[in-house]
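Data first, discussion second: the structure below is written as structure tokens.
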């Protein structure tokens, strides 16, 4: 009884870490660009395929995949920004958030069907970073790969935090998110900041994709479920709030693990959704989100 | 240092600036005085690139800057301290100031700049880890000034430093501006109330309905009865 | 529609845009509508190709769905991206009622519509309190949750990922396949027209005006005593009811309803139809459905290339003409009229001097 509870907590923490890694970029993009990036899930898929290709053609493990996938996704992020988001900024007579939502959704359609055309529908398998399980106490264990996942996720989140609060361009991202005019007056190049935000966020999603590729498989719709989970985490935490997102990722990871343990995996998503609907009734902008108007 | 010729700008269809000529020399203090809603803020926003001029030329250090992006204009050393201060509300006072040193050369000297601003505004040093949105109106004004002083501005443009402040605080702010002027920085200041700049050795332009209607030194304007009664309402 | 007279030609010439409105745009509209309708009604008789009729029939069902979606998304300004789930719920409810209670399908379809409306009311309570982007997130997740719930259903109620088959015929039991198909086609066409009429009346009623005011100037509308929540609940439920009917029709015509009608693939087609046609316009969903369906059928042998191209069309449309084809065409038409009017005015000037 106690063991199954502890097991749920352990897997909830692992899941929460990976959710945080997946969603933090989405929240960062929304905060800076007021764009809900529907192509974020596709970056998870791109990460998975990059890792698989390295493994399949060169025999390199997922650690090489992490580096390569983040570079590839960084470029993809800039491409999406230039093609699907930038042309919409400042268009009169249309709602920017709505058009950006749809244009990034269109990017997702193109990317996942492109993957289907290039790689086919067959699932691709990538081996874990380390095989085997760590037995914590009687009845509670965690795979080494999950520990690596959680470790990488937490490391990346800490690195992101340091980048945003200590470096010139990191502070620039937050500045653009908070007060665009003032940021431009400080000499912060907003377009470069947007590219950087999209690039970094996409790279984080791709890192999550590499890690998840060994747990699930890589397939053209490998980004769909991560997108859904990221959306749920993002609404729950409050769009634009990084702390809210990380908090929400762990809450949702734990909730999901507990619901799966006690009610069965099938109910984790529907029950989670009901919980979120109730939370939204009380706090329409999520845990730490702020009510604010569209800016661009 | 700054030369403006025939500058026009509008918000949508509404013209705001209807042909402005002005020049600011190296180390000079120029004040633009005029009632609210007659284009003072628009003038500064156009000069700093936040608003694109419809026609006209702006040269800074002999080079055309009209039509340039605001961040590029800022990088050239023309620093605009905007109306309403526009602090980065969720960032700390220190982070706000550090962003003032965004250009790479200023960034390298950021700690020494930070010390300089903290000596000038000891209040900001006390609040350095506090979020900017929790500051009072006067403190925010000091933060905006401090942020502008974090880099080597070739020229400062300050938009109504007295706006919304209690008289005591206005005096304090102008005390700081006096220090800035004394340090030899070129300054373009916009203000509704002429009395704030009377004590300075400034060249004054009167802006009304988007046009410069009179100009001269403080002494000249004080001596001009028409100016004093019609425009400055004394 | 009354033909309005241009009383003073000189005055009209001074405002060529108005002239275009008067002579060029408004008047042929009823004629065009009648012509379009006649063509649509005659189509299965003239073009006796079963495949074409089948595609057109599917297109008509999508048109109903898209019109209902447009009512929320475009006209009501409610960012609902879960409409496919509402459509599917209508289909499942209608099918289940017909299968288990033995009700005649036309009655069960109404049940499907009511079921969809009831579900949308439940979702509407939190969604309508949310600001745009949050509403889109929540409704999108709602749709995915419904889809995954059906796929993982092992109770036998919905048939899981294989879908619910053996849904009874609507009304044409025992007819020859050809006659049955045509009857369904005309029925679907009648539903499209009925939906169009309902939406036309809706957007031109005080209710619709209030709704548009809410979308475009919420503060002003609220100050004039328009209650946002009430209006949006009515829109939300009306739209869901129509979508549910469409879902029921789909289930009874194909005899099967499966979770594959939901998900990102179908959603990309429908969003493309809505956006390409023009969100918030009366003709947008109708034109958009036709255009995207034609493209998608033209490319049907190319599998994933089909959706790649639909995705690219959607991307290009939203970037180049975010308001869609209908406003773009209308704008182009007006410009043409203005240009012709100016040209004429110039020629007249030339002849007098």
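All chains are identified by letter, namely A, B and C, in their written order; residue positions are counted from 1 within each chain.
We adopt the following convention: a residue touches a chain if its C-beta (ideal position, glycine included) is under 8 Å from a C-beta of that chain, and two chains touch if they have at least 3 such contacts.
Everything numeric here is computed off the predicted structure, so don't read it as measured data.
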Maximum centroid distance from chain A, chain identifier (CA atoms): B
Most central chain, Cα average position: A
Between chain A and chain B, centroid-to-centroid distance (C-alpha), Å: 42
Whole-Å gap between the CA centroids of chain A and chain C: 33
Centroid spacing, where centroids are CA-atom means, of chain B and chain C in whole angstrom: 54
Residues of chain C touching chain A in the complex: 79, 123, 125-126, 129-134, 136-138, 140-142, 144-145, 148-149, 152, 263-264, 268, 271-272, 275, 303-305, 307-308, 310-312, 314-315, 318-319, 322-323
For the chain A and chain B complex, residues of the former touching the latter: 165, 168, 171-172, 174-175, 178-179, 181-190
Chain C partner contacts - residues on chain A that touch it in the complex: 30, 36, 83-84, 87-88, 91, 93-95, 97-99, 101-103, 105-110, 112-114, 116-117, 221, 224, 228, 231-232, 234-235, 239, 266, 269-270, 273, 276-278, 280-281, 284-286, 291
Chain B residues within the chain A interface of the complex: 48-50, 69-72, 74-75, 79-80, 82, 86-91, 95, 98-100, 102-104, 107, 147, 151
